[in-house]
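Next come the structures, one after another.
Both complexes below contain chain A, partnered by chain B and then by chain C.
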Partner chain A sequence: MAEQRRFLSAAGVPIALRRRQHSASCRELAVRGPRLQLRSLSAVTSAVWLAAYGLFALSENSMVLSAAIFITLIGLIIYLHFVKIDQESLLVIGSLGIQVTSSYASGKESTTFIEMAQVKDVVINEAIHMQKVIYYLCILLQDPEDPQGVSEVVPLFQSSKPRLDCLIEVYKSCQEILEQRKTVPQSNEIK
Partner chain B sequence: MSLQVTAMVLKVFFPSCCSSADSGILIGRWISEQNSAVVLAVVHFPFIPVQVKQYLGEVQRVTKVSVSVLGSWSNSKQEKEESLSEFLEDLGTIFCHEPWIQISKEGDSKFWSCSILQKHSKNPQEEEIILVYYDQRKVMLSHLHPPLDTAGQRAEDASKLSAIFDTVARSQVLFMTDRYDEGPIKLTHWQSDGVEASIIVELLKQASVPACMLLTFLLSLLSGICRSRVLKFWPLSFLWSKLSTCEQLGHRLQHLQVISSNKKAQNQNQLMRKANIFVSLLIDVALGILLMSWLYRKNRIGQLADTLIPVADHVAEELQDLLQWLMGAPAGLKMNRALDQVLGRFFLYHIHLWISYIHLLSPFIEMILWYVGLSACLGLTVALCILSDIVALLTFHIYCFYVYGARLYCLKIYGLSSLWRLFRGKKWNVLRQRVDSCSYDLDQLFIGTLLFTILLFLLPTTALYYLVFTLLRLLVVIVQGIIHLVVDLIDSLPLYSLILRLCRSYRLAGESLSSAPAALQAFCIMCLILVHWVTPELRMQWG
Partner chain C sequence: MVENSPAPLPERAIYGFALFLGSWFGFILYLIWAYIPETWLFSLGLTYWPQKYWAVALPVYLLVAVGIGYILLFGINMMSTAPLNSTHTITDNFAKKQQQKKFQEEAIPALRDIPISEVNRMFFLPEKGICNSR
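Our next item is the complex of A and B:
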């Protein structure tokens, strides 16, 4: 079953959270950011081409125009493939692990998988980002030597930066699954 | 204490290549600590259970992986047949395995049904089953193995998924039989359509053994010659230690010895090291031969030799101009005329000697260059080292000037400091390594003060000569340093690991690519140091 709700990101941009429950111990949460707007694309392209035309008028060298076209094309490709993240999703499978996927606008997907044994907890933290204080969700990884220690903090939803209300929904869904592993003893040993 | 049986999740790892296989039974490994089953292959009908058990026993002995029959797989093209499902349940009694996994797929339906048969559990509960598809080939080839040689407690902390990877990787023997083999057992796994092998790889493996032996023999001959007493006499050994070419050749000889050794690599690190050295040598020789083919075309060697003498002349003229400038009033400073003239004339005579020496050598330069250029086929690094040695030899006079200037300056500073102590009535106690007071005689004081004054007023002249020649020497050292940087980069960059990371990253999945990031980091640091070296020199040029 899937449900979709609209929220705002830390910058005020509208984002959508989609929750799917595949089974009792498997949940998928996806945050989708806004698509590339046509007007911002046209604005940037026109600005670059106007500047190139101005340079051409000054220097009478037609290479400037072809260079501007190349730069626009290559810049757009690099932006779509490496910078613009369309959707960030979190797949939590109890007893297996957590998978974090980022899908870029060009279709590229980059995935990270964290085993359940390494996951200590999923928490909401505060951070100072530029001139704001924002909330972010992160996974705390277990330190193998020290059972109480945290070896690493993996921040989630870094490019869409949802606000606290969206993060609370995600947090509640994750904690429902993480709690299951605490109530289930790890093995069926005869003590 | 009672058994705590709860609704534990059961994980089944199913290979994606078996999803279109015909009905049969599943064989694989059951990991009870993680409540997960790793399916390695599907055995098709007809089979004789005794033969299957025998085969599994053999596989278990060879691979040390506890392979057993895990359940049944049914892929029926038509509607679900009742008799087949009963037959599959009965199989569960022949191959008793707790729990018995039944996976079935109907026709073209996208949905599979997966159920568990638990015969001996006291309170049967609905267990949740997670089916994970895995690509057998990539899982087998990726090196995500648990560290086997660490202490026992570490093995428990090792990640659970690495046990899955390890199981698949160690069962390589199971994947060696394909469907064209005449045997009682018919398996489906990732290689069942034909064992994957490359003719080139097999040929290389066959050819590598005699090639290694030949190489080892040649290398032992070479190292025997190098270690002979003839080459250890004083002038020659001094020369060998100063020439960077010999050092680089020795380095490469060592690398060749590592590659051509007959022992197989013990662990992953050694294998990667050997592969990296091999790729680096290959690229080195390829680049060297490319350079050679470029040099020997269109008589470039002749052109190079022709420009060498005028360049040396030009450098000597520039140096003479510099010395004339120093002998006058450099930068408005007033020098001591007599000392200035002496030092200037001394260095000028030196340059004159050097120029005559170069002119003496000029008819032979082209031939020497031609033969030396042939050694570029040993590798680009050797060619670069030879270039660095040629630069060192051509600027030998600058080195000499630096040495003279430094010695003079050093003497002067020592004299000044000791006479300064005398001026204040103190002395350096060598035994106690400290400054003690001392009462001097009057004539000692008189001569000491006189000498001190002379040395002090001669200091600016010597200091200026020292500064100028040190800067020149620094320039030459920078050029040589850049060349050595490039040589070290070619030597130590782990190209094989980098290429593997780019093309087949699954093969390096669990490994820390500790060598590659470290090499890249070292490269960045070297570039930064280089920038810091070069900028003062550039500022001097522009200023």
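Our next item is the complex of A and C:
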């Protein structure tokens, strides 16, 4: 079953949260940001080309115009492939682990998998980020020596930065699955 | 000092007045050095002065340093803020080494750093309540 709800990101951009339940112990949560807008693309392109035309009018060198076209094309490709993240998704499988996927606008996907034995908890933390205090969801990794300690913090949804209402939904979904591992004894540890 | 209060004392009044006279003297000396031509000063016998270039350069250096200081302080603050993926946003050395005091009936529980998982459960899972906090 899948459901989709609209929220706002920390910057005020509309995002959509899609929740799918594959089974009783497996859930997928995907946060989708807005696509690349035609008006912002044309605004940036016009600004760069106007600046290049101004430079050409000053310097009478036609290489400026070709350079501006190359810069626009290559900059757009780099932006789509390395910067613009369309969708970030979280797949929680109760006995196996958590998989975090980021899909870029050019189609590239980058995936990280964390096995369940390493996951201590999934919490909503608040921290200072660029002159603002934001809420963000993060996975706490278990410290092998110290059962109470946290060895690493993995922040999630870094580029779409949902607000607290969306984060609470994701947190509740994750906690429903993570609680099952307390009641079911872990029998798949490699001794 | 025996007292640590900011109240006026005779010694503080004397320090203040000495600083006041000293700063006026320094200012008049700076004006004399900057404006009076070198030949007049040489004729008085005072020959060992720094170059007059510094009379203009030092205030400019000072003002630029103050301006850069604003930007530098802002940048140092941003650099020493813990990044989002560091454990310093969750805990620190004092919280890791804190001792657990025993729970006493009818007494206010001792002050301690509550782990973030517990805090999250209390805030965001309201159906749990506070039934499992010790």
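Note that the second predicted complex is superposed on the first by the 186 of 191 C-alpha atoms of A that agree within 3 Å, B and C clash if a C-alpha of one lies under 4 Å from a C-alpha of the other, contacts with A are read in each partner's own complex, and residues count from 1 in each chain.
Throughout what follows, contacts are C-beta pairs under 8 Å (C-beta built on N, C-alpha and C of every residue); 3 or more make two chains touch, one makes a residue touch a chain.
Only a predicted model underlies this, so the values are computations on that prediction, with no experimental measurement involved.
Of the two partner chains placed by the overlay, neither chain B nor chain C lies in contact with A:Ile77.
Which of chain B and chain C touches more residues of chain A is settled by the count: it is C.
Within the superposed three-chain model, A:Lys172 lies in touch with chain C and out of touch with chain B [touch as defined at top]. Applying the stated contact rule after C-alpha superposition, one finds that A:Val123 touches chain C and leaves chain B untouched.
Of the two partner chains placed around the shared chain by superposition, neither chain B nor chain C is touched by A:Val133. Contact with neither chain B nor chain C is seen for A:Ala67 once the two complexes are overlaid on the shared chain.
The contact sets of chain A with chain B and with chain C never meet.
Chain A makes touch with chain B in their complex at residues 23-26, 93-97, 115, 117-118, 144, 184-185, 187-188, 190-191.
Of all the residues in chain A, the ones that touch chain C in their complex are 120-121, 123-125, 127-130, 136, 138, 140, 148-155, 158, 168, 171-172, 175.
Contacts from chain B toward chain A in the complex involve residues 1, 3-9, 11, 33, 35, 128, 130, 132, 157, 159-161. Residue ranges of chain C in contact with chain A, taken from their complex: 78, 81-82, 84-87, 89-91, 96, 115-117, 120-121, 123-125.
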